[in-house]
Each structure stands twice: as structure tokens, then as C-alpha cells.
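Shared chain: chain A. Partners: chain B in the first complex, chain C in the second.
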Partner chain A sequence: MRRKSYEPFLYLTPGVFFLAFFIVLPVLFLLVLSFFRWDMLSGAISFAGLENYSEMFKDPALYNALKNTVLYVAGVVPAGMAIALFIAVQLKGKLRTYSIYRTSIFMPVIVSLAASGVIWLWIYDYRSGILNHLLSRIGISQINWLGNPDTALISVIIVTLWQRIGYNMVIFFAGLQVIPEQLYEAAMIDGAKASGQFRYVTWPNLLPTTSFVLVINLIFAFRDFDQIYVMTRGGPMSRTTTLVYHIYETAFAEFNIGMAAAVTMILFLIVMAVTYLYLNYMGEKA
Partner chain B sequence: MKASTIFKHLLLALISTLFLMPFVWIIVTSLRGPVEVLREHTLILSRFRWENYISAWRASNFPRQFLNSFVVGVSVTLGQIFTSALAGYALARMEFKGKKIVFMTVLATLIIPYHMLVVPLFVMLARFGWINTYRGLIIPMLANGFGIYLFRQFFKKVPWQLEEAAAIDGASRWSTLWRVVFPQALPAAGTLFIFTFVAEWNDLFRWLIFTHSTEMRNVQLGLSVFQEQFATDYVRLMAAVVIVTVPTFILFVIGHKKLIQGISLGGIKG
Partner chain C sequence: MSFNKVHSGFKVFILFLTALTISSCAERERYADDEITELRFWHGIESPENNLLLEEKIKTFEERNPHINIILENIGAQDSAMPSIMTALSADRQPELLWFAPVYTGRMAESGKLYPAEKFIENDTEFNPEDIYEGILESGRYDGRIYTVPFETNCLAFYYNKEHFSEAGIERYPQSWKELRQTARKLTRHFREKGEDSFGMLIPLGTQEWTVWTWQNFLWQAGGEFLSDNMKEPGFNGRPGVEALKFWKKLVYEDESAVFSERNAGYKIEPFIAGKVSMMINGPWNYPELKEQDEINYGSFPLPENEKKATNIGGENLFIFRSTPEKEEASWEFAKFIMSEEFQAEWAMNTGYLPVNRKAAESEKYRRFLEENPFIKTFVYSMEFGKSRPPVKEYSRISERLGRALENALYRRKTPEEALNQAAEDSEDLL
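Right after this comes the complex of A and B.
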């Protein structure tokens, strides 16, 4: 194949242009802002050097948000991927009943969190929620799911899982579709049972998809905001305040945009470092 | 049927029910009476009040909001598939200097929370005079790192022999991409279509910031008429949620079916 050296850039240009102009440029602007003090209320802007950063690291709220973020990511990513992969493998095929299952599991993605959040608030409600109602029938006393500092985060994690499993399932499903059927036939001739098929055919051939789902899930988990906003507003006692929610509060409740930009940069560095280390470790396979 | 098959279906049916429960609740609530909704906390309905749907439909300017959501949603979705397939192909199949940096930058664009990005973006769009226009809602969204990354992953799995065969037949790189490689990654394109359209359809925040006239509202902003400052009209809100969810539901059901049929007809050859 004859290769022209400029050819890759022709293919990259449309996508990269829009990303550069409407994301990279604004991010650079945020980076500059992180060195300024900008009071949104009075509109006063002044150069602050590294003050936002040094102040941020002195603030215990940052460490609380970091801790919550780590717990949230650990609760959402592995479980969300494992369950989605399990379901996708089970639902491979053309059976009509399968499409009913697939649609049901994808429904949480279709309904916006703003709407389903209201329903989850009712489900979790302390006095009249259906969850406590069901639990009381089997003799478990009422739990204030979203109001108790010990159960609030896990309650939000469950809502995220409920939404993300369908999302991941569809990506896994697409990945499973492009694995050639002959590989399964060959494995069956060699006498591989379901577990062997998964181990020797599905898993290695699905690796680019699995790696994609992992990276995307990590990024999403660090960025999740809507479910926290709808369900707990970061409470109780800031136990569901993740980094993103902390950024939101700093920017739009305290109107400290410079500081919020500085925390955004920290969030960015953490996620970027994790992603880079993972992809570097995986090398060409991923 | 074997016992294991029955167990599998039971398990899947149970999981599906759990996933569907909140949506069933939305539908039940949408059919309740105004007093009943505050008292009744089970799924039992005294009467199906379908008139709630008519009342909800009339309360907001839904025809216009559907139009806005459709125009923006379809433009953004098609745009993203086009730019993503091109860039994803370059990252999966071409060698060039700085490839790793470009790839990591593409991933980096996914990390920044949108409500922070909106601050500088608003300043930019205001400068261009794009606030409250289709342009301002569509053009900044025409590329997305998610799509580029997705296509890169799927193109990497397409056998090289297919491309080489096309090259021997004298096909250009451009036509090889669209006629040979892209069809092999159709599940990725279908997935991206569904995800992007659903995300656009459900987007509230961007419209809230970048539009201000009632004519430029989308369906999600349209729901806000049921959420007054001090009280939420839950019954009509849920009826409206169901109305607004119909298009994305149909898209998923049809799109997913087509995807499965298309692949088994075309056949993926390894």
C-alpha cells in the first residue's frame, strides 16, 4: 500500500479540530484561571499565583472529597463491569426473549437521571419508601438510606450501577458481535465447555473492548455528578461529596471559580495518570 | 429445557425486573390521581388516568421541543460518527509521529467535568453570537473522544488481510475505510449512534446554559414546567417523562434489532 505522509493528518483533522477548539482551548483557559482569583459575584479578577493550589491542599474538604471519590470509583467500576460482562455473555444470540432482557437492562440509560432520580428518592425514602417497606416484611428495621452518613454513598453507588450496567452491556455486546463465530466452533470441536470458551475465545478476543470499557468507566466514575446532585447534594455530612461535586460547590455555591479550576486540574491529573499507567502497562494489546 | 437453562432465564428475568422497576414506577405514577400520588406508596392503582398524558402534553410546547431535540440530536450524532470514524481509523491503522500524544489528548478531553468547561465555552459562544442558536448547540459537539476511542478499538480488530485485498484491487484508503473497514465495525457505529443520540436527547445542562428563549428549549427543559419553585406536579411530570422517553426507546429497540440482523446477514469473517 502506498503511504502518503500527510494522510494520517487528513483523517485526524476534523475530529481533532473540534476537540482542540471546543475542549482543549477551554481547558487551557481553565488552567490560566486556576492562577487567578475570580469572584463571580463582584466580578473582580486578580492574579493569585499558586495561592489557589496552596490553599486547596490545606483544605480538609479536598481530602474528604478524594476519599469519597476513591470509595465511589472502587464501588462503581469493578462491579459495573463484571455484572455487565456476565449479562452480555449470557445474552449473546438472537433469541427473542433475550431482546426483552436487553431492552429492560438498557432502560435506565434511556430515562434521564433527572427523572429516575425522583423515583429512587421515593424508593429510598425513610418513612414511606418501598425498600424499607419490603425490608420490614423480612424483619429488618428501617434504614435512612440517603440520610445516614454510613449508607448514603453505597445508596448512590447502587443507582449508578443500575444505570451503568446497561451502558457497559451494550458496549460488551458490540464487542462480542465482532468475534468470529468460527473461533467458537473450533473451540467446541476441541471440546471446550462454556467456561473454556469464555477463557480461550471470548476473553482474549474481547480485550480491546474490555480495556475500552475499563478506561471509560474510570473516567465516567471520576466525573459522575447528576446522581449525587439529584439524590444527596453531597450530604449527609459531606459523605457523598466527590471531587466533581466539590468542584461544583466551589464554583457555583462559593463562586470561587479560580479555586474550582485549580481542583479541576488536580482531578484531571489524577485521572490522566491512572489512565496513562494502565494503557502503558497494557501496551499494544489494549 | 435443561435445568440450567431454566435457571439462567429465571436469573435474567429477575435482573431485568430489578432494572425495570423504577420505570414501572414512573408509569404507575403517571396514571395516578393528584391526591393518591402523595398517599399511595405501592404499585396499586385505583384507576388508570390516561387523561394525565393529554394534560401533560398540553402543558408544555412539546412539538417545538421535540423538533429542537431532533435537529440537534441527529446533527450531533451523525457528525460525531463521521469525525470519530476518521480519527479512530488514523489512530488504529496509520503510523505517524506523535500518535501516542494525539491518542492521550483525545482521552484527556473526556476527563474535564462539563460544568467547568461551560464557563469558558459560554464566553466563546457569546463572542461568536452563537448563544440561543442551533449552531451553538451543534458545532461544539461535533467531535467526541469517546467515539474516536471506540472506533479505534474496533478498527484494531478488523483483519489486515481485508484491507490488503482492497488495496490490491486498487481501492484508495478512503474507499477502503468506508467500504471495507467501517462495515466490519458496524456494531461500534450502532452503539455510538444509540449512545450519542440518547445522551443528546437527555441533555439538560447544555441547553440550560446556552439557550434562553422558550422556542429554543429541548424536551428535557420542557419537563421543567412541571417543577415549580415550591411544588412538583409529580403525576404530570412522570407522564411527560414517559412521552419524552418514547423516541429513544424506539431507537434502541429498532437500532439494536437491526444491528443483530445486519451482522448475522453480512457475516463477520475472521
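Right after this comes the complex of A and C.
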């Protein structure tokens, strides 16, 4: 059978279609939208030029959202990675009981974020939540976890950690699997203790995995929405309004689609920058 | 040979998939039989019992109107439904019928996609608009025209725990702000004596509409208005607004006789059922559940007055979207069915909502129902001094700003004056 030159492209069509329609076009459309005034309900649409952008930068809500996002990312990513790595190293062995631990740590990952948000709402409940109940047993007075502007963000961060650690752990496991056993044996012969083994064998060999987890976690953290929507609605006092929640509010409560698109472009640029740095870094390594 | 066959079969499959992708993008809506008019009806009714009742009633409607077929789609309650509605409208894929809060009438009327119900009302001799309570019908008016018609209505009143009241020796429910304050203190004092950490009253906290809706009662009671008379300026930041907000703060911080709800959960009845609070402001729709929890312990009383009596009217309207003349006609038939004495009475008796139809409210069976269920009677009585939120296009956005102001003041980050003035200033350009 003679190969025709267009044939490979034919096979690509479905994939290209998918990519074009569900990724490239929406992003382009978003960019276009950010130059328009549109409320989606009344249908009135008009060209705004750069107005959305200039208005956006004048809006203190944007800076508040950026600040919260930075705090949130800083709270979620390093801790989420460190705890997951620690657990992965501890539970690396093949013991039967370990697999029970691993499964239970992974469990939150399969629960939808919205559902776990609801569960945590009950746990955090000021008056009848189990957390405050347990704390009162050890003599700590009740804390209004989600209602107090000073504890709301950290409370959301804890839920995200609870959810994400299992996911990170599994990837770290995969990374640990491929580190040859001989390296550990050699290290042991040289007299390395657990900490030395980690420092000189595990850590350097795990670096590609770690950087992958870092990027994925950064991207996840910038995009987290469900738990905030379910638990705090961006409050109290807008203290848990992250960029994504700010976009949601701008679009669906303020009906300002153009401005929401403009803020989304900011988020898009941030995530792009993270990805670019990562690819660059990986390129150097390879 | 056989490999080649498989190979070309695979090719055909891939091409088929591609074709499918392309064609489905271009596919237009297909209609069933010409005879049958299909109407998509989007709603966000939450309770399973009410959903079942609606389905049953729609079956009755379809039996009487065999040429109409209603397709029910639950799109979730108000704020989670918003993205679906916005997407549908901008893609011109809106349903024929929508159950939604009347405050969105203006915004959707602006799109030109809403069919003004007034056109039907004017020309349909079968329908008498005077059967519908005027104030409720007005909630669907925008720019001088009635666009949407009422589906169900409600208003706010106090729930109270009868056992707590009699234990604390309270013999009559509070009629004024002053008495409300005394009652809350008395109840709380009683709890403290018993060594319990319950409170006299619950005050909603959060930036969402529920808080704003509840607070407006107090604004009106203090003699204030949400907007100025010509609806061009905010009015909530005057003396009455400040007084209303100070009253809430006084109950919580000074008297320590009221407690804030969980954020954005002021409508949840759990603290009330659990006996953590003795009084809370809420609507009639929880009655079926309250009755299930405890047949006799829960009562209701009208909101107390200050300078005047007021309660905030809520409820949902039926929005009819422009489509084809047959569908619009059929939608109007359905709207009439919904507003009918028969539907309204039955819906009200089962759901706790209040009838929008005067005849339903005055009907023999509904009156008997009220005698047997004095809890609901309070709300029907309160409707007499009920007020609706202003029918301005930007209501929901102003409410957002006001919600943030209330939170700022209740968290004591700003004084009531500062917070309300800020919200008023931010709202001015919206009017």
C-alpha cells in the first residue's frame, strides 16, 4: 500500500480539533473578551479597549486577591510537598500495614473537592464542630475557624493540604521506585544513616520528580476554587478571595465578563511563567 | 491482507469520529412532532418533596393540555444557577421558562429576550390580574412593564422556641425593637443561669443576599429606604440604616444576647433546632421540616416594629423567554396554571410558601389550613406590611456592596456610618 502524504495529518485531525476547540479557541476568545464590556445577561456588548485592564489595576480588590493568592500558594505548596515527601519516604517499604496507611492517605484525593469542603464545614463549625469539641477537651477555647478573618485562610489551606498530600505522595512513590536499591546499599556500606541516605541518595535522585510535583502543585494552587467556594465564599472580609475566586465574583456576581477576562489573563500569565520556568529548567537538565 | 482490513477499518473509524465532531458542532436543535409544543422549564427548587410535587402538578397540566410537553430541568439554586443562565442567554439557548428571583427581571429584560408577560395579561380575558396580590405582581415590573409573573411568595418573620420562652417566663412575643432586646436578654440570662451557652437570638453574618435581605427589614422598620424616592441614589446609608446596624451590634456585643450565624449560613435552621438560639429570622418554607422535627415546640411571630412595621417579600417569578408564537402561547398557559387558585393553594399548603393568588389565600381549604397551622398564619398576616426590594437592574450588585459593608461593620472593622457610606459611594455609579 502506497503511503499518501496527507495521511498522517488525517490521523491527527481529531486531536487537533479537540485542542483547537477546547483549548486554543477559548484562550483566544478570552483575550478578545478582555477588551470588551459585556454582562452576558442583557446582551449589551461594546468595545472597551484597554479600559478593563486600567480599571483592574486601579481596583484594590485585585491586589487583595493577589496577596491572598500568594499567601495561599505559599501555605499550600511547600508544606504539601514536604509532608508528602516525608510520608512517602517513611512508607516506602513493602510491609502490609504500610499499604493501609498509603491507601488512607490517598483517600481524600478521590473525594470531590466540593464534597470534602462540605465535610470540613462541619468539622470547622464554630459551635458544634468536632474540631472545637476536641480542642475544648484539651483546654483550648473555641476558635471560629472559618468565621474569623485571621484564621479563615489557614483553615482553607489545611483542607487543601489534606486533599493534596495523597496525590503528591503517590507521585513521590513512583519517583522512589526507580531509585536503584544498590545506591542505598552502597551508602549503607559507607556508613550513611537514614538522614545521610536521604541527603545523598534520595534527594538528588528524586529531583526530577520533585520539580514536577512543584510545578503541578503551583498550577493547582493557583487554580483552586471549589473549597473556597464551598467553605468561605471568599470571606470573611475578603480574606480568602484568591485570584480565581475574584474572577468568579467579577463574572457572576458583578456581571463584568470583560474585567473577569482581563483578570484571567493575569492568572494565565502567572501559570504560563511557572510552566515556562519549569520547561526551561527541564531542558537544561536533559 | 487481514491486517490491511483492520487498518482501513480503523481509518474509517477515525474519519467517522472526525465527521461526528464536526457535524455535532453544526447540529441544530431538532424538534419532536409538530403537534407537540415542548417547553424547557429551568428551576432550582431544592427540597425533594417540592420537586416531586412539581412533577405531579406538571403531569396534571399536561393531561389538560395534551399538546404541551414540559421538560423539567433542575439547574440548582440561585447563585449556582447563574453561570448556566448567563451561558445559555449569551449562546441564545435559553429555556422557554425559568423559575428565578424577580430582582433579575430588569437585567434580563434588557436583553430583549424576555417576553413581557404584560402583553398576555392585557389580552387574555380568562386571566384577571386582580386575583394576584398587587405588590407581588409589581416585583416583576421593569421600565413600566410587567415582564415576569410570580410563582410563589414568602416573607420573613421570627421563629421562636416555645419551650425556651416559657422556661424564661416570657408570656408574649416582642412587638417592638425594645421588647425584642429585652426578650433576647431575658432568654440569654436564663440560659446562663442554667449554665448553657445558648443565645436569645441569631443574627445572620456574611456578605450574601440573605444578610442584606434580613437587614433591610430593620432598615425599613427604622424608617429608612433602600434607595431614594427617584431610585437614583442609595438611601440605606442615612440615619435609619446606621440605627439598624447599631441595633444588631448592640445585641451581639453590648448585650451579648445574640450570636452571629456561621458566615453566609444565616438561613440555616440547625442552630435553632439544636436549641443554640431561641429566636431567628426566617421564612415560611422551613415549616415542613420544623414540623417533622418537633410538632409543637416551634412557633413564629411577626417581625417587631420600630418606627413602622416591615417585612421583606421574597419568592420566585416565572420568566418567559421569547421563542416561537406557539411556544410563547404555551408558556403563558403554563404561567396561568401556576398562578391559578388551584395550583397556588396546593403548592402553598405543601411547601410552606405563600399563595400569590388572592383567591387561593382566601379559599376555604387554605383558611382551614391556616387555622390548623398558625405558624404559617404569621407570615400571611405579615404580608400586609410586606415590601419588595427595589426593581432596579443593578440591585444584585448594590446588594453585594452593601453585604460587604454589613460584614465590615459587624466585624467591627469599620463604624456603621463609614461602612454604609462607603457602600453608598460605591453604588452611586450603578444607579
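One rule holds in what follows: the second predicted complex is superposed on the first by the 254 of 286 C-alpha atoms of A that agree within 3 Å, B and C clash if a C-alpha of one lies under 4 Å from a C-alpha of the other, contacts with A are read in each partner's own complex, and residues count from 1 in each chain.
Here, a residue touches a chain if its C-beta (ideal position, glycine included) is under 8 Å from a C-beta of that chain, and two chains touch if they have at least 3 such contacts.
Bear in mind that the values here come from a model prediction, so they are computed numbers and not experimental data.
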Of the partners chain B and chain C, which touch A:S238 in the superposed model: first, second, both, neither? second
Contact-wise, after the overlay, does A:L267 reach chain B, chain C, both or neither (first, second, both, neither)? first
The chain contacting more residues of chain A, comparing chain B with chain C, is B
According to the stated criteria, A:D39 is in contact with first (chain B), second (chain C), both, or neither; which is it? second
Based on the superposed arrangement, let me know which partner A:Y63 touches: chain B (first), chain C (second), both, or neither? neither
So in the superposed three-chain picture, is A:S128 touching just chain B, just chain C, both, or none of them (first/second/both/neither)? both
Of the partners chain B and chain C, which touch A:W203 in the superposed model: first, second, both, neither? neither
Which partner does A:Y11 reach: the first (chain B), the second (chain C), both, or neither? both
Those residues of chain A which chain B touches in one complex and chain C touches in the other: 1, 11, 14, 17-18, 21, 125, 128, 251-252
Can you list the residues on chain C that touch chain A in the complex? 4, 11, 14-15, 17-18, 21-22, 25, 79, 82-83, 85-87, 89-90, 104, 107-108, 110-113, 205-208, 260, 262-264, 270-271, 274, 276, 393, 396-397, 400, 404, 407-408, 411, 413
So in the complex, the part of chain A that touches chain B is made up of which residues? 1, 3, 5, 7-9, 11-12, 14-19, 21-27, 29-30, 33, 87, 90-91, 94, 97, 99-116, 118-120, 122-123, 125, 128-130, 133, 162, 165-167, 170-171, 173-175, 177-178, 180-183, 205, 208-209, 211-212, 215-216, 219, 222-223, 225, 244, 247-248, 251-252, 257, 260-261, 264, 267-268, 271-272, 275-276, 279
Within the complex, which stretch of chain A touches chain C? 1, 10-11, 13-14, 17-18, 21, 39-44, 121, 125-128, 146-147, 149, 232-233, 235-238, 251-255
Flag every residue of chain B that touches chain A in the complex, lowest number first. 8-9, 12-13, 15-20, 22-23, 25-26, 29, 41-42, 82-84, 86-87, 89-91, 94-96, 99, 102, 104-113, 115-117, 119-121, 123-124, 139-146, 148-150, 153-154, 156-157, 163-164, 167, 173, 184-185, 187-188, 190-191, 194-195, 198, 202, 204, 220, 223, 232, 234, 237-238, 241, 245, 248-249, 252-253, 256-257, 259-260, 263-264, 268-270
